[in-house]
Each structure stands twice: as structure tokens, then as C-alpha cells.
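Here it is, the structure in full.
Just so it is clear, A, B, C and D label the chains in written order, and each chain counts residues from 1 on its own.
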Amino acid sequence: MESTSNSGFLERTLSHLRLAWRDVTDNRTTLEQLNLSATLSSDDEVILREWIDHCLADKGGEVAARARAATLGKSYLELNPTGQQRFLSILALHYDTNAADVEQHIALWQASSDDNRAEAARQLRKVLEPPRTKLLTLFNELPEGIKFLVDMRAQILTLKNQHPELKPLEADLKRLLISWFDIGLLQLEQINWNSSAELLEKLIAYEAVHAIKSWDDLKNRLDSDRRCFAFFHPNMPNEPLIFVEVALVKGLSDNVQTLLDEAAPVGDINHADTAIFYSISNAQRGLAGISFGNFLIKRVVTKLQHDFPHVKQFATLSPIPGLMRWIHQQSPTELEQLPGGKILLSKGLLSQAPLSQTQPPHTQLQPLTLTLAQRDDSYLRAELSKLAAYYLAKAERAGGTTADSVTHFHLSNGAQIAQLNWMADTSNNGLSQSAGFMVNYLYDLPHIEERSQAYSSEGIRHLSASIKTLLNHKP
Amino acid sequence: MESTSNSGFLERTLSHLRLAWRDVTDNRTTLEQLNLSATLSSDDEVILREWIDHCLADKGGEVAARARAATLGKSYLELNPTGQQRFLSILALHYDTNAADVEQHIALWQASSDDNRAEAARQLRKVLEPPRTKLLTLFNELPEGIKFLVDMRAQILTLKNQHPELKPLEADLKRLLISWFDIGLLQLEQINWNSSAELLEKLIAYEAVHAIKSWDDLKNRLDSDRRCFAFFHPNMPNEPLIFVEVALVKGLSDNVQTLLDEAAPVGDINHADTAIFYSISNAQRGLAGISFGNFLIKRVVTKLQHDFPHVKQFATLSPIPGLMRWIHQQSPTELEQLPGGKILLSKGLLSQAPLSQTQPPHTQLQPLTLTLAQRDDSYLRAELSKLAAYYLAKAERAGGTTADSVTHFHLSNGAQIAQLNWMADTSNNGLSQSAGFMVNYLYDLPHIEERSQAYSSEGIRHLSASIKTLLNHKP
Amino acid sequence: MESTSNSGFLERTLSHLRLAWRDVTDNRTTLEQLNLSATLSSDDEVILREWIDHCLADKGGEVAARARAATLGKSYLELNPTGQQRFLSILALHYDTNAADVEQHIALWQASSDDNRAEAARQLRKVLEPPRTKLLTLFNELPEGIKFLVDMRAQILTLKNQHPELKPLEADLKRLLISWFDIGLLQLEQINWNSSAELLEKLIAYEAVHAIKSWDDLKNRLDSDRRCFAFFHPNMPNEPLIFVEVALVKGLSDNVQTLLDEAAPVGDINHADTAIFYSISNAQRGLAGISFGNFLIKRVVTKLQHDFPHVKQFATLSPIPGLMRWIHQQSPTELEQLPGGKILLSKGLLSQAPLSQTQPPHTQLQPLTLTLAQRDDSYLRAELSKLAAYYLAKAERAGGTTADSVTHFHLSNGAQIAQLNWMADTSNNGLSQSAGFMVNYLYDLPHIEERSQAYSSEGIRHLSASIKTLLNHKP
Amino acid sequence: MESTSNSGFLERTLSHLRLAWRDVTDNRTTLEQLNLSATLSSDDEVILREWIDHCLADKGGEVAARARAATLGKSYLELNPTGQQRFLSILALHYDTNAADVEQHIALWQASSDDNRAEAARQLRKVLEPPRTKLLTLFNELPEGIKFLVDMRAQILTLKNQHPELKPLEADLKRLLISWFDIGLLQLEQINWNSSAELLEKLIAYEAVHAIKSWDDLKNRLDSDRRCFAFFHPNMPNEPLIFVEVALVKGLSDNVQTLLDEAAPVGDINHADTAIFYSISNAQRGLAGISFGNFLIKRVVTKLQHDFPHVKQFATLSPIPGLMRWIHQQSPTELEQLPGGKILLSKGLLSQAPLSQTQPPHTQLQPLTLTLAQRDDSYLRAELSKLAAYYLAKAERAGGTTADSVTHFHLSNGAQIAQLNWMADTSNNGLSQSAGFMVNYLYDLPHIEERSQAYSSEGIRHLSASIKTLLNHKP
């Protein structure tokens, strides 16, 4: 359910940053300029390293150092992709921890008495910190400096497979971002049709679960029977970090098409008893692996409980994005042994082509093409439901967690696997990844805590009666 | 010029936090309660340590961990001073870095190849981090959690001389606060008579240079010919971190009484050519040693330049808080050799009693009591001015920096020592610490950068012609 | 309970307006200047009338006309009191309705057919409108122009007894203000300690029932167990029109000293069941006779009901400002016939000096001085209570309404006379006007509408059982 | 240049009002309900009139009266168009001025002495006021009550030709709205991409000069080199009353296609020297005839001067919406006598069909269809320009004002007719109404005042040298 947008927004953001920083640096006329060729030639590498050394040398105080960092950041933004990759590699390779310093402080630590051991540890920790983290920190004061670092990490994440030397730099950046994006600093804000167009167009760009097709589609999702909430960072106003779309309805929603139907009448929230979380999107690729989703759900539930005392049930309507890939990964023999597996084989619903190892599996999957007749076939529905229930309730990854990342996310947060819905998402993505199924994960408030612990420590997945029934069938 | 208020505000803040957290924890009814005796008995110490272990154990996810931290924080606030000190000592002594882990990771780092050295360094850095810093981080999400940690550090700073075991804890906390109070996260905001009473009463409490005597005194300082700016942290709204009071005037102000005179007519800012920074106060004792002053001055100068293009001169009107103490520390023989020194001796202006080593010097100083006739004595004025100019321009501390911390602060920021003003502050503090003198430090914008560097790297103090003239006299 | 502050604020406001308009008029350099002598000499009267004619002539469009009005308004503000009175008298005498025009349009109306009668009526209405109202309207666009007109009316109200020619001008102004201060344009806003100091200092100045003695007194009235609400006009931000102070308590408050006691502990609003309206002040003397109080009470009750569902009882704690005056106006013979009247005579509590006809009665009243023993005298208390109950429940003015204006206000709004409280306000004002009594008027929501109508149309005063009991005694 | 949108928004607004008022009236449960048939049957007419009488009778105070008005307003909104027209006609016919009362007060006025003449005039004015205006005023307090009245007037404007009995009602409503929409109550606000989507979609709906085709088109008009300003009323937030779109450019813009080209690069406002007002739209049809346009232009010019000191030239780029209609109204003989007229005849550019008297002329006009070759024909361009210049500079309406309403608007405001631009608007509207021409009206600030007066009082149209040159040709 949590997905990350690979937005083409990055380029526009960069050009925006370029503008913002041009102003900053133009005003600091007493500083020499840093002019680099777009590809960062070897001569320019020398100039660049001198400039970085200068930034780190701490002459003239922190204010001057940050001014120099602004110039550096602007220069980075004006490089072309090759130049930027070289810039990053220089940071990674030349501004790493100094091993000799570390050795020396290890010796000091080892020689320290009880009294000064804490100080020796502090010093050792300090020399273990690569100098580049100080540089990264300097960008922070600049207007939109945090966004700059978030986007820089997004770039490194793209580059790091081909440029493995960037991995430690990525790890450093992640650590800094974890500290700056501590949940305590984030603001939960409601987004509605009264929000700024500047913000709303970002929802359109960032929505990663059910694409927003137009401003009208968006307006429907922000209507009076819907709620949308996002986390924001104080230094990135108008930039949602993660957002969730909620429908206030009567009873569990079992179909996302209905929720997204712009022509459907607006519900009366005074009669709603259920809040359906039907889309959660991470908006910043550069914050990958820094999790806010669990906080978001709990904060939103708390807020909705307060605002709508008559809403008693909190649940998601979520895809099963790993289902089809997992099915393809089973051999025919294995499938035969699984509940509902035979039908896939017997009806020839699955292509038998083995998956290529070099391409991501989902790009190789054909949408599960079911004729309308098949969709109405109650036998088919019954059998495929068993297989999907098995996948949710039993299938495991190497580490022992659930096979599906969305399932893992919600069970970790204390949810129950509550209901499996047939043909609940018949979009291309819905069919090709989730076989058209969607799941309601139920957040039963009094039990969240204990279920979260039971799953985390013992791997127990809490299942509703209806899911259990699906499992109580021999293959 | 930068001073820190030792506000009696802390107690009220704590009671406020207690209230805020009561709500938080009351809502989290699924969590067991933590009931500790006010003095934290030895039995309770065991319970407390179990609770802390629980917080750190990471069962049930980060959300649950933060809920437990809220309960812990609330319990802390309900302890009496003895109990709180014991609580802190437990954190300091029992949640320190594990030496065996460190040894193990040192070995791993030393054995690491180039490829995995960065990762080994990261791991080593991680085990060097004491477990308590994780706990401190958990407080962050709570309402007013950051203020809680700031006030906790203020408390430790008070306790650490008598409880040296708290020093490493204080250092950890400082490091965390440095990261969370990175200048990039702070907002510069103007404060005026239109600001909230809640905020303004804090200015009254926190002003540390020239005490604010009443709401009328405050209103005068926020009148149309004045400006007041402060840095704020997004998680501590209504809590200034540092603030500066500025008067927009014609020519250099040479007397603070005039600036603070409530009966004086309001100036016409359209004719102002000079901005006088006449008071800078650090408002949070718990942020001692985390410097924002230089950023504040530069941001305010930039803002004023933009808003008042006709203001061309930026200067302070600052005390010389170390002058009298320094004079007392000179022996009569030394004084004789200093410009203007003889007069102090000959006129019997100084008590000869040697300073006690156990009490802070300023508590032993008698105000420099000058009769009104003496204040008008031009010979006395001339001689004392030479001595004060010598102190500003020549006197040194052990490390080679200026003797006076205010002088050091402004020279570090690139200011010039511009003008010495006789009887510019005749308050008790003004006479007993600064001999009634005040100094204008001039921020001459095109030269700030170079002067800051010249002082930082070579100790060069930039002096105006008038100060140089005062120095060009034999003793 | 509704009182009007005779604030010394007017002068400060005027100087503020003078400043605001200087800027406006200085920028309109193409307009000639209007320079009048401070006392408005007869020569200047001619110039002034030319200028006003110019404003009304409508050359160059409405924008130019309003610019000229700004100059005029500024000139008015720079006149001394004599000059201002002359200015107003010129408006009153020379810019009145033109009788000949009226005669002519009367004839046209009388001659009109059904088809054009509405238009003829419109035209007649138009010529009945004095030209000065157009001029007054022009001030409206100016910054703080509405406040200017409100203060101008305050001034005329003060002058009109001595300058009866101003009465029609006052009536015109009132009519305009009624239209601009239509309840539909007003905003209800909560005021608390987080409000701006600029606003809060106006509460201090404008509070007319129980004077606010200091910022600490004010803070106590804005504490967490209190609420304060005011109406604002969009063109007079930071200027409350009327405000009410409410205490959230358990049970009916019977004593205002307790409510105003700064040392009393803060109540827990979660246990409050009653909202006590203990002070309502009209803040703008220039809006006298334009009533918002009834709207204010109903809006505040609605808001409190929403915010505090457990608050079930809404009542005032009000003075009886006319009680002592009324008692003094009774002859001894009349008093003898009234319940509780004898005691006043027998105990010699009343001075027998007849009231002077030329001075306002309340200035002649001595505070009802009761010894502490008398305050505890239960017989005295019982008898005086009967008399006060009689005054509230039976005494009438000429027109048949209640003798007391506060009683009239609350009965008109649909309240019940619920409880009489002995020694509930022992301040000087409390004793001299209300004999120390205060009354709770109860707003019993389901019955407000019917009681308001019963009082308005039939004069029925709704009484509680306890008040009825007090009345059920022979004198 | 000022146009009014005939928005399909009205219906949606009504449904919104219906919702808002349902809440209001549902809460006022003590009031009886008013249930009317959708077409307002004759029986219901009786009920309705009783209800209105009730509202006006003033029983139970103004608060109750407004509550009854809310019920009434809600009932009105639930009527169908026929019912609504009947409702309005009842208001017009039965709640008119009472002639007998007027007669009586005429007699009183005529009999009045000097002393009480003002009061008699006031009373007469009062009885001339139809009772329905009191009713209309009551709607004011309701949420969105002002919008309700504005939309009601829009409806009457549509109905009044067929239902002439509504004209006096329309006149009453206009008078009330003039008072409530006094310029002094309006706020000038900037609109940009950061404004709310709710507001921005109204720009799309209301833009009346150059239709906004999409959100992308809108975004282009709000880019960094553009400005958009609107007036708002405090009781109609998110509802612009009138708005203007401005481009900051270098030199006079001579083509609106260029300005609206989404693919064109964003201009650098630091180099702009000219502000081009290229679209002004009145957004509220119900405010027709209540003029804000002149205030808007002057306020925006003042604001832009302040924000962009380097912008020295303020001009419009305006259509000539009456040009083609005027040409068609000339007979061939007349045309022959006009500069450039012959060419239209000789090239057969004009259809000779006489205009129908019963249909609005512009619906009968064929777009001026010029081949691309003709558009480039410099002789044709020269001749048509003469004709257009003649139209702007010489053609008159009956009253002596300029033939074109846009020309009249800008000359009244003090502008100069500065430049005529060929093929500056080749949209359908542009060609069919303005023959593809657009005009720059120049606001030369030091001369605005005098030019406005010269035009208003003497009809003088100020022309640039280039326009004069076009006129200096014989036909």
C-alpha cells in the first residue's frame, strides 16, 4: 500500500532550487565565484576540491561557511548528470573518514580510564564521522536546502548500483535525514480543495497507488465525504512527505472503482461509520526507507475519532502488489499443492514462461486477462480467493515476514487481515499485480498494540473469520 | 552582549508540560502506568530501569516506544528535585556505551577491507552511541518534547558540578540539540506590540542585558522606531531562542538610558540612518553553548537593509561586562603601567581587597561609585577611557582571544571596535561591571567577511580612528 | 450589565489616525493641500465649505473624491476641540436636506402613476438624504476610516447637549453606522492570553463592569477555566466592539470577588457544568444605541455548547446598577409599604437627603456602608433581599419596562431572574449602586425564545422559585 | 474591458447555500417549519405572506427575526424557478412603500418647524423605505447571506424584462448592495498559484475577456512574470468580486496571443518596465452596475509601483468590443465618408445585411474573416486602422460619451488612448467584435487626475501622437 512516486517532478524542482539559490549567492557578492564546466572536467575537480576544503576549514565562521556552501550547491545544480555524478563520487571518495585518525583515537579510547572514557568515546565517534557530513549539514540553512539534500539522495539511490562507491555517501545522507525528519518535527495537515494549487498539483504528481487522472478526479477525492492528510516538514512547506486518502462510508468498502467514481453521489458523513484508507503514497523518493506511514495512520485515526465520534471502524482498502509475481514464482508442482492453485493451471490462466532474472518481474507480467464471463464465474472466484488468502496469511519471505510488503506494513502496525474483495481493482495495475483483488486491513483500536507486538515478536498474523474460512479448505 | 537568563520560568514550564503530557498519556490507556515515588526510592529505580529497557527494546514498533517514552517523561516531571537527579544519574550511569561492543567493533573495523570499511566505521560509530541517546530521541515526538529536553539540559548544567557523573549525559544531550537546533530549522520572526501576550511576557522574563521593568517598558522597546527579532524552533512556538532589540536612530547611540527612556519621543524612522543593536539575550539556558547570535545579527542586518534602504550604519551599543573584574585582577604595579591606570589608584576609586577565589568575582565587586562631580570630571573621563580602550584592544585571555567575551563575540562576527561611550549605562550593573562605559561595535558590511577572518586566524582586532587615538598615549 | 467605557483612548486613537492619514495624503501629491487654523477661523470656514463642495461635486470620479475626503479628514483631526466642534456644526447646518428639492419631489410623487410611483418614492427618499451623508460615506475607504466615524459620533454624543444643532448629524451618522455594523458583517472571535498585546491592552481600557487592575488581573481572566469573546468589524481589526467574560465553573457563581481572585486555583473545565457570563462591556462609545449584546450572548452560548457538551447551564452574574438610586427615589412612606423597606428606615441605613435634580443621582449616593457585623446580620440580609427582589420583579419605568436596564436587557433576550446573591460585589461601585447584590440571570435554552416574546409583548418577567419565595412576603 | 460572466456557477452556489442553511435552520428547532410547494401554489402564497409578516413584526427580538429569515431563505432556495419568481413578485408587490403613510408624513414634514424638520425628514425617509428592505437586511447575518442576496439580484436582473413588477425590488436590492459593498469594506488580495484550488476554479469560471481553457492555461497566467489581483468582501471569502490579470513585460504588449502562450518562456521581472493589464472581469453578475473597476486599477497600480520601482509604464491591452457592431450600424454612404471606410466596401469585407432590431447585434455578426494574405496586406491594415482610430477617438453615443464602453471606462479613469494593435486578438471573439484589434490605454500617473476630469466634464479624449497621426488623414 505504501508506494513511492518516481516523479518527473525532480527536474522542475531542481530548476526551482537553481533560481532560489541564484538569489542567495548573487547577494553574497564578497565571495569569489565558483565556475565549473558542466561535466566537471579534471581541472575543475581540483578547483572543486579546493572549494570544499575551504568550506570545511571553518575560516570566518559558520555564516561564511554556509555562504560558501550555497555557492557550491548552486554549482552542483548547474552541472549536467555526468558532472553531478562526478561531484558525488568526489564527495564519496575524498571526504571519507580518515583511517589514521581513527586508529589514533582507538588507541586513546583503549587507554582511557573510567573517568575519561565517555569523552574518549565521543572523540572516537567524532573522527569516525566522515568530513562530508559536515558539508551536507551546511546546505541545511539554505532556502530549500533540505529539499536539495532529499533530492540529492534520490539521485544517489538511482546511481548507486552503477556507482557502488556512492553507497557510503548514501548511508551518511540517510542518517542525517533520519535525524532531520524525526517524527517530532513533522506536522500533520489536512489537505482539501481549499489547499493551494501548488500543493495539490503535487498530489497529482506523487499519487502512487491509484493515479489521479485530472483536477476533477482530484476534486472528487477531496469532496466532503473524503479526507486527505499529509506529513510536512517545517523546512519543506508545500512538499508533502507522505499522504493518505480516506473515504468516510457506511460499511467496509470492497471496491476502489466505486470510491474513485467521479459521478457517484457525495456521501453523507453524518451517517458514515467507517473510515477507509484507500491510498497511501510516499512522496519523496529521497526519503526511501525512512518510515512515517505507521505514525501517519495512527495520527489520522486519532484525529478522525475525535472529529467523527460515530465512525467506529477504521480499515484500509489495499492492493496485493506482490500476489501475481509470487504466483509466477511458484512451479506448477508447487501450485498444485496450494489451495486454489489447480484452477490457474487448469484454466490456462498463467503463462508458463519462466521469469527473466535480469529484469524486474512485474515488467514481465501480462495482466491477468479474465473475460467478463470469467469475472462472474463463482467457482473461479472461490478458488482464486483461497489462493490469495493463502498468500496473505501463510506465504513468507526469506526472513520469515509476510511475502507481501503491504501486508507486512499493516500487520506491523497492528492491523488484522479482514476481508478479501474480488474484482475490487480492475485497472491494468490492479489486474497485473493483484489479480484484481483488494484487501481490507482492519485497525481495531483496542487491539492494535497487542497485535503489533504479536506480529513483531512471534510473527502471528491476526485473521478475521472470513479469511480463516478461506484457509480451511484442502487444496 | 550575549547573556543567558536564569529564568524562574522553568518551574512554570514544567507544570505546563505536566499538563500537556497528562493528556497524552491518559489517552494511551492500553499502556500500563508507571508510578514512582517522588524521591525515586531504590525499589522504584528497579522499576524505572525495567521501563527504560522496555522503551529501548523496540517491541511493538516506534509508535508504542514513543508512547512509553511519554509515560516516562511524565513520571520524570512528577519527581521532586532529588528524584529527578537520581533519574538523570541512572541514565548517565546505566545507559552508557557498552565497552565490550566497542572492542568487538574496533576489531571488525581493523579487520575490514577497503570495500566494507565504511560500513564497519558506521557500525562502530553506532555502538559508540550510548543507548540513552535513543531514549532522548523518543521524547521528541511528544507535544513540547523538545522544550522538555532543553529544560532537562538546563537542569543537568546546574547539577553537573555536584554530580560529575552527569557530564557525559549533558554532552550527549548537547549533541542532539545541536542537530535539532541546526540553524536551517530556525525561523527568524519579528516581535512587536502585535505579538501575543504569551510571547511578550517571555521577553520580560528572558531579557538578560537591560531588565524589562514593566509592560510599559516593553511597549516602549517595541514602538515604531524599534525592531525586535528572535529565532524560533518549529517545535517550540512562542518560545524565543535568542532575541535582539534594535533602535532605528540618527547617528550612533552613545547612551542606553536614552534608548530606554519611556518618556522620550518616538523617533521618525524615515530619517533614521543607523540601526543600533542594544540588547541580545539568549532565552534558553538549556541551549547554552549552541550559538545562534552570529546568524541572528547577519539575518537581521539583511532584513533591515531590505526594509530601510536609507539605514546605512549597523552597530551595537554593548556593555563591557568584564572590565571591572579585569581591573580588579591587575595588581597596583600592573595598573600603574597601563594607560589611565594611575588615576584609579590616585583617586582611590578601587578597593584594594584581593578577590576571593571561591566566590564569583562579580559578586564581590562594589559598584564603581562616582559622585556626579566625578562623572563630569573630564580628566577622569579621559584617563578611564584610555584604560577601557586598552582593555578592549589589547587585553587577552589565556588562549589569546580578547579578554572580554562580548568583544570576542563581535570581533568573531567581523565587527570593528568603533566608539567608547562614557557614562552610557549608569545602572547598578552598568557601573559595577562596565564602569558605566558602553561600546559601539560597528558592522561595516563590505568588510565583515575579511575582518572576521583576520580576527579568527590572526587575532587582528579592527579599531576605529577614535579608539586608536585613545591607545596612542603613554600610560 | 452592558456598560460603555468612556475611554481616554480616544485621544491616542486620534493621534494614530493622524499618522495613518498623513501617509495617505502625502502620497496624493497632485491634490492641493487644505490648511486650516486650529480653531477654524471664519475665513477658514469659507475655505472648508469650498473644499466640502468640491468633495461632493463628483468631478474626477469617486477615487478623486475619496482622496479629497482623506485630506478633509486629516484636517479635521488637526483641529483643536473648538475647531472640531465648528467643523461639525458646519456639516450639521450647511449640508442638510434641501427643503425646496423635497417640496418638488413631493409634488412629483403625489402626481406619479402606479407605474412610476416606486421610482418617484426612490427619488424623494434620495433628496431627503442630507448631502453630508455622502461626505461621511467617503471617509469609509480610508485606512481606519470607519473608526474615524465611530469616534466622530462619540464626540458628537458628548457635544450634542450643548450644541443641539448637531443632533440631526448624530442621527445621520447613527443610521450609517447601523448599516455598516450590521450583525452580518461582524466576526465573533475568542480572545485569550495568546491574543496580541495591542488587543489585550484595549480590554484593559474598555472593561466597564469590573475594572481590570493590571496585566496579571487580565491574565487571570483569560486563564484556562475562562473564556472571552468579542465581536469585531472587518475594517476595525484589533478593536473589539463588545466583549464578554465567561467563567466555566461548577454550579452557579454567587460572588464576583471569588471569580476575580488572582490567587484562586484554576478550575478544571472538564468538571464544569455552568458557564457564568460575569462581564459584558461595550467598547465603542461611538456605537452607543447600536445593540450587539443579544447576538453576542446567543453566539457565545452556541459556541460553548459545542465546545463543552458537559456544560448545561448558562447564566450571568450581573450587578443591579439601578437599585440604590431607585431606593433613594422612594419616599419614606413608599418604602414602608415595600417588602423589606422598613429595615432601611429603622436601621438608619439611608441618608434622607433628597436627590438634587441637576446632578446625576449616582454621583450623590454614598456607598451603602455596612459594618462587617451588619453584613453577617441574617435578618438584615433577609429583608434587603426582599426589597431587591421586589425591585427586579416588580419595579417599572415610565414605559412599563423593568426599572433596571440590566434586567431589561436580559429579560429581552429571554433570560429568567434566577438567584439573588448577598454581598456578591463589595467593591465601591458594587455597594453604592447594587447594595452589594448580584443577580444570576439564567439562559434556559429551550425557553429563551418564548420568554423573550412573553416579556417583549406582555411584559412577563420569568422568575425562579427562589425569587418568587422572596416576593411572597408581606412588607 | 470590463465584462460580466454569466456563470453556470449560480446553480452550484445555490446548492451550496441550501446545505449551509439547512444546518442553520435545523439547529433552530424551536421555530416552526415553513414547507412550501416547489411552484409556490396560491395557498402557499398565503402561508408565505404570513411568515414574512411574522419576520417583519419584530416579536422576540432581532435574533429570532433573523432565525425566521433563515428559514425563509432556505424555503426560497428550495423553490423551482417558477416558485422563485412568484416569491420575488410577492416581495415586489406586497411589501412596497405604504402610500397612506407617506401622505401622512408628508403632511407632518410640511407642518414641521425648523427645529423638528430634520426629524420629520428622517421619519418621512423611513416610511418611504419599503418594508421588504428590512427583510432583505435580515438575510445578512446568515452564513453566506450576502452571497444569497447578490445571487438573488442576478436572478431578478434576468427576470425583470419579462416581469417588470420586479424593477423596484431590483432597485432596492441594488441600493442595499451598494451600501454593503462600499469600497471601504473590500480587501485587495493577490491571487497566485499558491491560492486555494477553490478560489482558482472560480477564476476559470468567471474570466470573461479571454476564456481560461485549462488549469495549465491558468497556471501560465499566474506565473512569476504575472500578477493577478481581486477585490473580496469580508462576508464572501473565496468569492472574487472583480479581478485583473497583469503581465510584467518590457515595452507595450501589442498582442494577447503572445501573453497567453503557455509555451512562451517566463519573463524576467527584474527587467520589466511595463505592467500590462490584459483582462478585467467582473465576477458577480448580481453586482452589475456597482463599480469597482476604477478603484481596482488604481490600487493595483499603487501596489505594483511599490513592489517594482523599475516598472514605469502602466497600460492595458484591451479589446474594442463595440467596433464591428458600430461599423455594421453605419450605412454605406456614411462609411464612405469615414477614414478607411471605403476599403471595407471595396473589398467586400462587410455583409450588407441590415441588422435585425429584435436580436442583439453581436449575435448577428459574422466574424471578420480575413485570409492570411489579407492580414499581411499593409494597405488594408493602414486603412482599417484609420477607421478603428476614428471609432475610438471620435465616435459618440447618444449622451456624448465614447461609443465604446471599454474606451469610456478607461477615459473616465484618466487613461490615454495610446496605441492601436493590428491582429492582436485573432480569436473568434476578437475578430467578430474588435476586428482583431486591441488597444493600449496608458495610465500616465501624474496626469490621471486631470485627464479624468477633462473627460468627465468636457468630453476631452487624450490621444497619443500615433493615434493622432492615424486621424490626420482624409477619408
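Note that in this section a contact is a pair of C-beta atoms (placed from the backbone, for glycine too) under 8 Å apart; a residue touches a chain by one contact, two chains touch by 3 or more.
What you are looking at is a predicted structure, and each value in this text was computed from that prediction instead of being measured.
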Steps needed, at minimum, to go from chain A to chain C via contacts: 2
Whole-Å gap separating chain A and chain B, where each centre is the average of the chain's CA atoms: 40
Distance between chain centroids, defined by C-alpha means - chain B, chain D (Å): 60
Centroid distance [mean C-alpha coordinates] between chain D and chain A, Å: 50
Where chain A touches two or more other chains, by residue: none
Contact pairs between chains, per stated definition: A-B, A-D, B-C, C-D
For the chain B and chain A complex, residues of the former touching the latter: 27, 30-31, 59-64, 66, 96-97, 99, 102, 106, 109-110, 117-119, 121-122, 124-125, 128-130, 137, 139-142, 145-146, 167-168, 171, 175, 179-180, 182-185, 187, 234-235, 291, 294-295, 298, 302, 412-414, 446, 449-450, 452-453, 456-457
Complex interface listing, chain A residues touching chain D: 193-198, 200, 215, 219, 238
